[in-house]
Structure formats: structure tokens, C-alpha cells
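First the structure, which I've put down as C-alpha cells, then a few questions once you've had a look.
When the chains are written out, they are named A, B, C and D in that same order, and each has its own residue count from 1.
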Amino acid sequence: MKIKTSITKIQNDKEIIRGHELENLIQEKSFVEVIYLLFKGNLPTEKETKMLNAMLVASIDHGPGVASALNARISASAQNSTHSALASGILGFGPRHGIAGQGMMEFLYSHVDETDIAGLVSKLKELKVRVPGFGHKVFTDADPRAEALFKLAKNLEIFGKYSKFAHQFKNEINAQSSRPLPINIDGAMGAILCDMGFDARLGQTFFLIGRTPGLLAHIYEEQTQDEGIRRLDESEIEFVNVTAD
Amino acid sequence: MKIKTSITKIQNDKEIIRGHELENLIQEKSFVEVIYLLFKGNLPTEKETKMLNAMLVASIDHGPGVASALNARISASAQNSTHSALASGILGFGPRHGIAGQGMMEFLYSHVDETDIAGLVSKLKELKVRVPGFGHKVFTDADPRAEALFKLAKNLEIFGKYSKFAHQFKNEINAQSSRPLPINIDGAMGAILCDMGFDARLGQTFFLIGRTPGLLAHIYEEQTQDEGIRRLDESEIEFVNVTAD
Amino acid sequence: MKIKTSITKIQNDKEIIRGHELENLIQEKSFVEVIYLLFKGNLPTEKETKMLNAMLVASIDHGPGVASALNARISASAQNSTHSALASGILGFGPRHGIAGQGMMEFLYSHVDETDIAGLVSKLKELKVRVPGFGHKVFTDADPRAEALFKLAKNLEIFGKYSKFAHQFKNEINAQSSRPLPINIDGAMGAILCDMGFDARLGQTFFLIGRTPGLLAHIYEEQTQDEGIRRLDESEIEFVNVTAD
Amino acid sequence: MKIKTSITKIQNDKEIIRGHELENLIQEKSFVEVIYLLFKGNLPTEKETKMLNAMLVASIDHGPGVASALNARISASAQNSTHSALASGILGFGPRHGIAGQGMMEFLYSHVDETDIAGLVSKLKELKVRVPGFGHKVFTDADPRAEALFKLAKNLEIFGKYSKFAHQFKNEINAQSSRPLPINIDGAMGAILCDMGFDARLGQTFFLIGRTPGLLAHIYEEQTQDEGIRRLDESEIEFVNVTAD
């Protein structure tokens, strides 16, 4: 098996990441700048650093009750190693949780130049296509994390045609629908990442980086509480006598 | 199932992390500061931020050939979703790769007050106990990432009794052994995390946070190269006719 | 969190699976029969047992070089617990490896009543839609596992309209294409599972059950060989100086 | 990377498993016999087949509330692919759930020839060493699955010195303790696998094979119920204002 890479070169006891010596990066650059470097191939401007930093912080945790944190804590409660519990937590993400940014970016890259947004919304409603990045179980009116990110994007002059389109699209959805549907954090990050020129295939990447510390904090809390392995109580399980097929 | 948590509180459309409103953290704090907050419960000083930042950057990648990156790329080459490939990559870590910091921290917390280090080394040699955090496949003389971290720890006046003990212990190993055995990056991080007052159960946590972007960069590279699913060539498999039992 | 289930009922120190006491199943039924029971809700006939047994045996292993076995062995070589290495191996499956049966079943259930198969093939070629379940890297002419399964399905009189359609479709592909494209094991299992009346969502399930022992055998072999952690040699990594973006 | 294997040889379009052509195995052998072959290198006797079959059936499911099934269902509820949800479920196993057989086998292989069992029990109690394979959350008096397996092992004349020692040890624990502590299913399987001559490193393997169908049945049930992504209700989360450190 042969692998070609452009990310990291290890030579003569030196490690070079995208052309920069790791030893220098360790001393001179922030974690966020080096994350940007890994995916873009160049170091970010100060504004890009602030924007990416804000997205990572916005993603960092959302409590123990979401699928990813639950899985991480359950696996930790079985006394698995921290890294195994982390893997389990990550498998709690899925099309319904955390990875919607990718779909949002694909949607924006395909549709941003359309002008009849009302027509687009009604066509998608007719086809029952649900665009990822809108709506949230807890934040039903507005997702404060999304709003904070867009506000910052405006201040940093990163808010561009993709973020603008996302808002026009959201307004049109809400005009055609009876209940409000906010842009959620995945959607906001997707729109802003488009405005920063990232590939749609990176649409879940920064959320995953941002949330990893949160999952690990829940694993650590589970380890320190050490209340034994988690399981449902009998009262939480209802047996229904139905044949599977 | 009931979960108690002290990490994140979500109330009235506000998310509060360890007593700080997420909206404020997004605008005012760096990702590294909020990571520190998650695990310690308070915000770091400037020096602590620099130190933790350096450890995260030092961990960020080590090329495509290590077990974790290989697993991540193989899983991505089967066209799994980014988050599933990340989980697979994380399961490439293990007692032999990436998680040694925890063992190092447990060792340091148990032994730091011993004064007969020569006796300790010869006793461990006799018992064939291998302390995690020493030695590296590529960096056989010295691990430049470990050295960069210790240098910074000295500059920041974080280098304390645990880092000092790790060096004394390493010197004694090398005095009693014919081939040099450096402190590796896991060991350096373990020693410094002790000096920063972190719990030994967090001994692999910061490495996992630091390396997650590296795994995701390899997943993205695999997705963009798209050379089909990876497998060993026939020439890389040798069939040996041995009965299993 | 509340979960409704119809699978297993635990009451008064008795465990009842789909209406059958586990203690009786342990003594009277084969593993394959109870697997069938789990998913169908009733016990299989002798013919159905033979057919399902054959599919599970056919799936059991395909050597150490495929993505799933590679991942399992790499994770085991890092000295992870057997179950963690198994999880890693399972994440080596993906749309390009092992889970094509589901797509095949969805295809067959949607198209089995079409009569213009030549037209269907040319339309799919035009749309560049690749139906899962056809073609194999090693078995380019014919997949002997698929052929053995179809032969048995005929003997057991399970070979029905779905298996027949799969062959007609394959013949038409080969008539319109220059290189032969066999039905692979995933495709054969998909077609036969349709003829047995299984839901398309179970299209990867029986392959996963069948291959799990194979992955565990590779993990065990890796543990007994114990050659240290696996990684690519320097000669297997090529650094190419390209910017990521 | 080079891998040596003795499991499967693929040559001239033929696949040979431990010296047996897969095509023949598909037609002539049961899944359980081929599982035995994979790990032992030879085909089992009729009695060995019955015993292994019983262990696999006994392991097949234990309801939706245990950590592994919960994780599998949560991951499936996020709409992950079946194989990803299965990996998540497997990461719900751990030292406290499902993998105790390995520890039991190591214990039995080390201690089976000791004659002062009362002394051994009191020594272990003093050292606070808990031998894995004893005790169960639901089955507090006796684990009916364990009893069914031991009964069958006696009938098949497989019940030997390891199973006998396990019972003597259990009786001694119960003589020295106020509350009854049964041999659980992991312990029973561990003892019987010792009597069948299996390596202790296979101590969790057959449980994992046996339970995989159960996890997949829960994943399928979750997919068919499709009640949306699972999460804890607000009432199930209690925020406690404690600093982490």
C-alpha cells in the first residue's frame, strides 16, 4: 500500500507541516491557525483566525443529553479507554446531528446564483426535500450560536454572498411556512465556510474538531462520577408484542 | 437514565459553559482557553494558554503512516462519512500509540517523591516494567516535539517537579542502558500536564484533541485523491500454512 | 428516554426472544435459526435455515488485505481490546465494501416488474448510475461465492423472481459492455434475501453477521503474532508538494 | 506493510479457509462449525458444535437497555448506516459489560490447580480483587443462561476441571459473603471455553459473535420505528454547580 500526501513531511528528525517546521509552529502559532493551515495550505489572516476560532468555540459542547455525548458517556461508563469512548461518541453524530454543514455547503454552492428564491423554496417543499442546516429541537425561534457567528462574520467582513443567500432562503421558508425555522449552528457554519472558500467536503470537519473537547469533557465527568455502567431502568423499556416482519 | 453534569447548562435559549455564557466565549476567548475551561472549570492565565496551545499544536499530525491516520484513510477510502472515518482513525490509537500520557502521569504522581531514582530504574528493569512516555520509532535520539515543549515550559515557568523528575528518570535509564531512550511527546505532555495540575485521567485527552484535526486532514486528502478503496496488494500478503491452535 | 421493543422480554428471571424462551432456544435451536427468528419474528423452515446458513458461511472471511480486516488488525496491533479492534474493523466497511446488499435490494424491489431490461440498463448507463452488487476486484469473471449461493438457492427452490431479474439484468449489462461484470457476493445475497422476503434495510445485516467471525480471527492472529504496531514504511509514503486548496 | 496469515488463502478464483475450500464449506457445514474452524484450525466434533452453538445462542440478545444495545440504537437514530451503528454498539461493551470472559479464562488458567480455594477467596477479598465473570444486575440469584450452558456441558461431557473449579470458587465466595453471587454468562462461557481448550485471548470473541445479531436487530427495530433522534429529556439532566477540578 502506498500513500501520497501533501500534509506532513518527516525528514532528518524534523517534521514539516504544509511547508512550516512544526517546532516553529509550536512556538509561534495558535492551534486555530495551524488547523486552518492543515486544511487550506496557507496560514490565515487575523480575521480568518477570529472567524474560525469563533466557529470552533461555538461548537464546543451542547450538554450531556445529545446523541453524541450520550454515546460517549455510556461507553465510558462501561470502563472503556478514553479514546474508545470518544470513538463511540463520534458515532452518535449522523445525518440528524452535527454533520449537516456538509449538506448546507453543497446546497449553497449549487444554488447561490439562483434569483427566484420563492420558486426554489416552493419547489423544494413540493419535492419534500429538506435542506440541512435549518431548525433545532431546543432553539426553535433562533439559534443564538448561529446568530453570534453571523454577527461576527459581518464585523469581520467575511459575511458574503453565501451567508446572504442562506438568510434570504430562510426568510422565504418562513414566509411560506407557519412555524419559524431558524438557521441552526450547522447551517451558519456551512454558510460562513462557503464565504471563507472552503470545500463542501469540509462541511462537518470543523464542527467535529470543535465538539471533540466537549465529548472528552463528558467522558472525563463520567469517569470521575463513576456511578457504574449506565443502562435503562425497567420502567424505561416497554415490551410490545409485535412480530418483526 | 439520569445524568448529572457540571459542564453545560442550557436555559432560556442561553448556553452556559462552566458559568460562562457561550455567546461571550465565542466573541472573547480563544478555542484553547475554552478547552482549558472545560476541563479545569476556570479560565487559564496567559502562560497556561500558551503552554496548552503548544501541546495541542505539537500533537497535530505525524504523517499518513501511523496506525491512527492509516485507519482513518482506509475507512474514508471505503467512502464512509467523515465522522465515521474519524471514529475509525481514533480506534487506531491504543496502548502503543498516542495514549501513553495517561500512564506517564500515573507514574509521575506515584513516584515523584522518591529520591533513589537509580534504584527505581533498576527495580523497574528487573520487573520488566516499561514506563510509558519514553522511546519513539522515528525519533530515536531525541523527540524534537518533546524538546520544544519542555523548552517552552521552562520559559513560561511551568516546568516544575514532575518535568524535572521525568528528566532525572530518563537520564538514569540512559545511564543504565546502552541505547538512548528519549522522552517522547506523550511523555513530555504527561509531565507538563502534571506540572499544570491536571488529573492523570486527562493524560490522553489533550493529545486526542490535538490530533483530531490531523486525522481529519488525512480523511479529506483521501476524499480528494479518491483513488478507490485501499487494500493490500497480493504481494503484501504471505500465506503461511500453520494451524491456528 | 423510553424504548419500545418487540425483540426480547426479560421477566421473572426468564428471557423470552420473539416469544420463545431463551433457555429452550439454547438447547434446541441452531444459531442460524435464532438469527432468522430475531429478524423475521418466526422460526425458519429447514430450507430457509440452509439458505441463510450458506450466506453466513459465504461471508465469513476474505483474507487480511481488505479494508475491514486491515483496520481490525491495525487497531489490534496498537494493543486495543478485542472489541475495540472489532469496531474499527467494522468501520472499514462502507459503500465500496460489504454493504452493497442494501442498495441491491432497494434496486430489485423498485425495478423487478420492469420488462424492458435492455432499456433500463442503457438508461442507467446514460445516467452513470452504478447498481451496487456487481463487479469484484479479484473475482473479475465470476464470484464463486455468488455462484455457490445461487446454485443452492435453486436446489432449495428459493431462487425466485428477484434472483432471476438480477441475472437478466447482469446478462444485459454484459451484452452492452465490453468487460464482464459478475454478480458479486453482496449482489447475490441481496437478490436471495429479496426472494426470502426480507426488508431492504436488512441488506447489509447478514453480511455483517457473517463477516464478524472473520474480523475476530484476524484480530486474534494479530494478537498471537504480536509483531508490534503496524505502520507504513517510509518507502510506502510519498510526499508531494501540493497546496491543499 | 506485509501481513502473514494462516486463515484464508485466495488463489485461482478459489478461497480456502484453514485448508477447506469455501465453496464446500458453504454447502456442507454449519455457520457454527466454520466459526470453530476459523479459530481452532480444525472442524469440531458434533458435541463441540452443540456446545459452541449453545454459547452463541445464549449470548444473542439481552434487550434494548444494556449499554451496547443503547449505543447501537442511539447511533441508528441519528440515521447512520447500519454498520456504523453496529460499531457504536460494540463500543458499548467494556470491562463492565460483555468482555469479562477473557478475565475469567486468565483467572482459571492461572489458578485451576490451587487446592486451598477458601484461602484463595479470602486473599482476593483482602486484595479487593474482583474476579470477572461473577454477578449480574438483573439475575442476582442465578443467571439462567449460565445454568443452561453448564447443564448442556455436563450432558456433552465437556464440563471439566475448569467448570468444576469455577463452581467450587463460586461456592466459596458465597460461603464467605452475605449476598449470593452467581456465575454470570460471561463466566460460564469462560469456564467452558477453557474446558474446550481455547486460548484466553478468545475469551470475549464468541460473546461478540453471538451478540452481533442482537445489536443488529435493535438497529433494525430503531430504523423501522423511526421516532427521530434519541436524546435525554430536560427532566433527565440535572445541572450541578460544581467546579471540575
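Basically, a contact is a pair of C-beta atoms (placed from the backbone, for glycine too) under 8 Å apart; a residue touches a chain by one contact, two chains touch by 3 or more.
Worth saying up front: this structure is predicted, and the values here are computed from it rather than measured.
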Listing by label each chain that touches chain C and chain D gives A, B
Farthest from chain B by Cα centre, which chain is it? Let me know. C
Would you say B-D or A-D is joined by more C-beta pairs in contact? A-D
Provide the C-alpha centroid distance between chain A and chain D, rounded to the nearest whole angstrom. 36
Rounded to a whole Å, what is the gap between the Cα centroids of chain A and chain B? 23
What's the distance between the Cα centroids of chain B and chain D, rounded to whole Å? 31
Touching two or more other chains - residue numbers and ranges from chain B: 1, 3-7, 9, 38-39, 63-65, 70, 80-81, 84, 87-88, 91, 93-94, 199, 217, 220-221, 230-233, 236-237, 244
Which residues, counting only chain A, touch chain B once they are in their complex? 1, 3-10, 13-15, 17, 22-23, 25-27, 29-32, 34-35, 38-39, 53-54, 56-58, 60-65, 70, 73, 81-84, 86-88, 90-91, 93-94, 98-99, 102, 138-139, 141-142, 144-145, 148-149, 152, 199, 201-202, 204-205, 208-210, 212-214, 216-218, 220-221, 223-225, 230-233, 236
Could you list, by residue number, the parts of chain D that touch chain A in their complex? 1, 63-67, 70-71, 74-75, 77-80, 84-85, 87-88, 91-97, 137, 217, 220-221, 228-234, 236-237, 244
In the complex with chain D, residue positions of chain B that touch it: 1-7, 9, 18-19, 38-42, 80-81, 84, 87, 197, 199, 232, 236-245
